[in-house]
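Please find the structures below.
One chain, subunit A, appears in both complexes that follow, with subunit B as partner in the first and subunit C in the second.
And now, the complex of A and B:
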């Protein structure tokens, strides 16, 4: 008994956060996992019972004679999601790294101000911000009308409802998650190391390659994961900017819970997304252990 | 003897509001194979001058030549000059060997060759065993030696050292002084050493440039700097000195009477450029004043007001008859007994050759 008290005493500091994580994260996840094995109820929700069908449904479908046949329909969505998310990560990295580097090399006051600017988009609803992109990208939108009036093109180019538009939306939404961890690792980087590298016969680019990027790697990896995870499950950008025709996993989940009335299948998809995320995190944890570097949170 | 570095009216102004003049105008010549020290208090411009030589800062005006080539506008990676940084600046993500081989690798030397040269250099600084470690696994003194090895490996024409010993503790610092001297002899590379520590400068350098307020005050050998400081700043910054304002009197033979006030005057050597009635500053090192028996000729009478025991020496503060204070430093012989006690009347003598006369 005394021993138990000791243990409680030792961990009482983390009790509130453990409760938070338990109530608001673990329990919902558990509910989703339970749902994914249930039988769908036509009115939404699920009936009790055990079924493994919806993990099957991802790879197979039933033909006219009720035989299971291999189907690529959902796999295509799965790989498209992976693909679009990876591109979004790469573009975010290409955009985010220079921004983070620029901020990190400013003086302290300016740095804080610029970091504040990076977070400003979060003050507005994501839906509204994504809608505004429609106004920019559509055939009669800002980009096309500017290009036409300047005489570069005669016909509007289709920008909206393409994969490019989805990627743009994802990058726009999640690039702060790339910038902030990279900034955090660059801010701690000793600028004098760049001088040392220049002194030892590297150019600006050489210093970037041999010193800055290797030292920013924890931030780059953390940022990539932070962009990849929400991208793979995103549904606002694919829905609004992709027009729902280039379905991604997030939209598929949303579809199952709303008009699809198939909560168990939606849950199964959510569990799959979660699995991908976990695998990505495990790879990261393994890498960082190997390199002896810490994860930047 | 060829000239390694020639600086001609180098000037550095940092833009800003207001702009900061870090280096007013510096001209100097550093000889090949010389251990040259830039000495001065913080903010005197010595580090700026070093950074101009390294190429980290752009030159506002003037010209900088390295072995006769104008390098004023070359970026640091083109200059055959390497730096040992004050905080070592070792690359934390690389092993010690990779750190040391870095310069050669970037110059295009193949990996095996670069590593073997780096290994030799690590042996030279007695760290041959540590090649596989990371910088944070080494002590400050070891990191210091790695930084040295890293800067020496590409065999630069000139090695710049930016207060490299300031972060080490006293014993290590003293050991590193002879180590640096040895490395300089063995490699034959010109060393430009920046420090604010006069002891470091005096003990290691072939020549010293004393700097203050963005200007070079004097360039000379260590003994000349100490014995014949060019101005009051140099005399004050290097070692201890007593200063008195005086007026030059008539000269008899080679000696001149320098009159401090009605009752006090000191005999000193004649200086060519100083005429009768010129205002001067007299500088006297405390260890060049000696206690003598009362009644001798040309002595100063006074009373001991304070005693500071310093181990091998003792400082006596003596109040002279004109109420000026003079610091006298005497070696401690026997069992450390004081030569005079507080309140005791004493007589002091100053050798005319030891009196330094500075123009005002």
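And now, the complex of A and C:
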């Protein structure tokens, strides 16, 4: 007993935080892992018992005669989520790299100011930022009314409720996660390396291709992972900009816990998202060990 | 060539261009910032629209703000949001300060990387996973405290946001000050109270502000954990957006945006102060 008090005394500083996160986050995650193997209860929650029900549900559905038939419905949602997230990462990289490079080449005062400009939207409400795109994209929105009044089109084109709109929303909300790590790796770049490559008769673009990009690689990998992780579990962008018809994993999980009333299946989907994220984080850990960079928020 | 001419040529070269600059990148960056801020500006702009359309301009008015303030549901949601944010920020900041002090000053603590990993765990787990895991946990243990459930959930994910600036401040401070205080016979607590904490104050404020914004803006976790009657502002806004778009949404959103931007700028400014 005395030993226990000693331990508590020794660790009292970290205990409140560790207990909060441990009890209300780590244990809940372990619980949904258990839940994913339970039998669904039609009134919500799960019954005790062990099953691979979720696994079956992922690949099959029951037809009119209660036979199992192979079904691609949920797999489609899974692959759509992966696909949309990967495109969002690629677009973020194409957009984010030039911006990060430009910021890194400015003087210190301007650099700090531009970085602040990039981080401010990150701290504003995700829901509101996504909602603001509805105002831009909808049939009577900014883009369509501009195109119509300039005579380019007569009928509004459908921009909202498409996969493109979801990708646009994801890039919009998560591109700072791409820019900041790339900027961090470019900020330390030794300018003499570029000078040396130019002395050896490379062009602007040659220096970029053979000197800058290889040196920015740790930042690029970190940024890609930081954009991918929130995209794969995204809920707001698919709901508001995809109109609920281009379902992604995040919405599917939410559905299972609200109207779907299949908590074990929802838990299983959440565990799948968690596993994908874990793999991404392991890749990042290897990346940072190799290059000595850490993710900086 | 005369000296002045050489000098002029020199200036020309140094002015001509940074060797790193690439054609088109500055224009691209400018367009990027327009892309980043234009949708938000449109939202703010149409919150002052006199007609009930959120996208067709008809004249200036601030009626929508009055309407929003007078709305009972909005008042209730705002009250909930503020209570949750203030209480969670309070606890998260205290816990984070204790943890940061312990992890950087207490040599007796073992497994520091493990504790640090645990504290920043909420940053790594996707929000939707946290949301359903917390919901499942609360329902499994039968915890039903109304707003209390949301406060617990918020405190957990606010801890890392409060922790980061405090830890940064602790690492950058001059440790000799503490050593000097102890040389002058200050005990552990006196050193903490008279030296470390006063220096740490900007970091603590900066962290508290970030925690506050994160709590007041949270949507998914609150959506899943909230029971009937404990709506917060973002959840109320989400409900409105699903029904249809009105300038009233723009007005509430604008207020939330201003709060966030104010707090993050303050946090940045305080955090930078020496």
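Definition applied: the second predicted complex is superposed on the first by the 254 of 297 C-alpha atoms of A that agree within 3 Å, B and C clash if a C-alpha of one lies under 4 Å from a C-alpha of the other, contacts with A are read in each partner's own complex, and residues count from 1 in each chain.
By definition in this document, a residue touches a chain if its C-beta (ideal position, glycine included) is under 8 Å from a C-beta of that chain, and two chains touch if they have at least 3 such contacts.
Quantities reported herein were computed from a predicted structural model and do not represent experimental measurements.
When the two complexes are overlaid on their common chain A, residue A:250 makes contact with subunit C while staying clear of subunit B. Of the two partner chains placed by superposition, subunit B and subunit C are both touched by A:198. More residues of subunit A lie in touch with C than with the remaining chain of the pair subunit B and subunit C.
Comparing the two interfaces of subunit A, the one with subunit B and the one with subunit C have residues 195, 198 in common. Those residues of subunit C that touch subunit A in the shared complex are 18-26, 28-29, 32-33, 35-40, 42-43, 46, 53-56, 94-96, 98-99, 101-103, 106, 108-109, 115, 118-119, 121-137, 139-140, 152-153, 155-157, 159, 163-164, 210, 213, 217, 219-220, 223-224, 234, 237-238, 241, 245, 249-250, 253, 256-257, 260-261, 263-265, 268. The part of subunit A that touches subunit C in the complex is made up of residues 10-14, 16-18, 20-22, 24-29, 31-32, 35, 44-45, 95, 98-99, 101-103, 105, 114, 116-121, 123-129, 131-136, 138, 140-142, 145, 172, 191, 194-195, 198, 204-205, 208, 229-230, 232-233, 235-236, 240, 250, 253-254, 257, 263, 266-267, 270, 273-274, 277, 281, 297.
For subunit A in complex with subunit B, the touching residues are 190, 192-193, 195-203, 206, 210-211, 214-215.
For subunit B in complex with subunit A, the residues that touch the partner chain are 54-56, 75-77, 81-83, 85, 87, 89-93, 102-103, 106-107, 150-151, 154.
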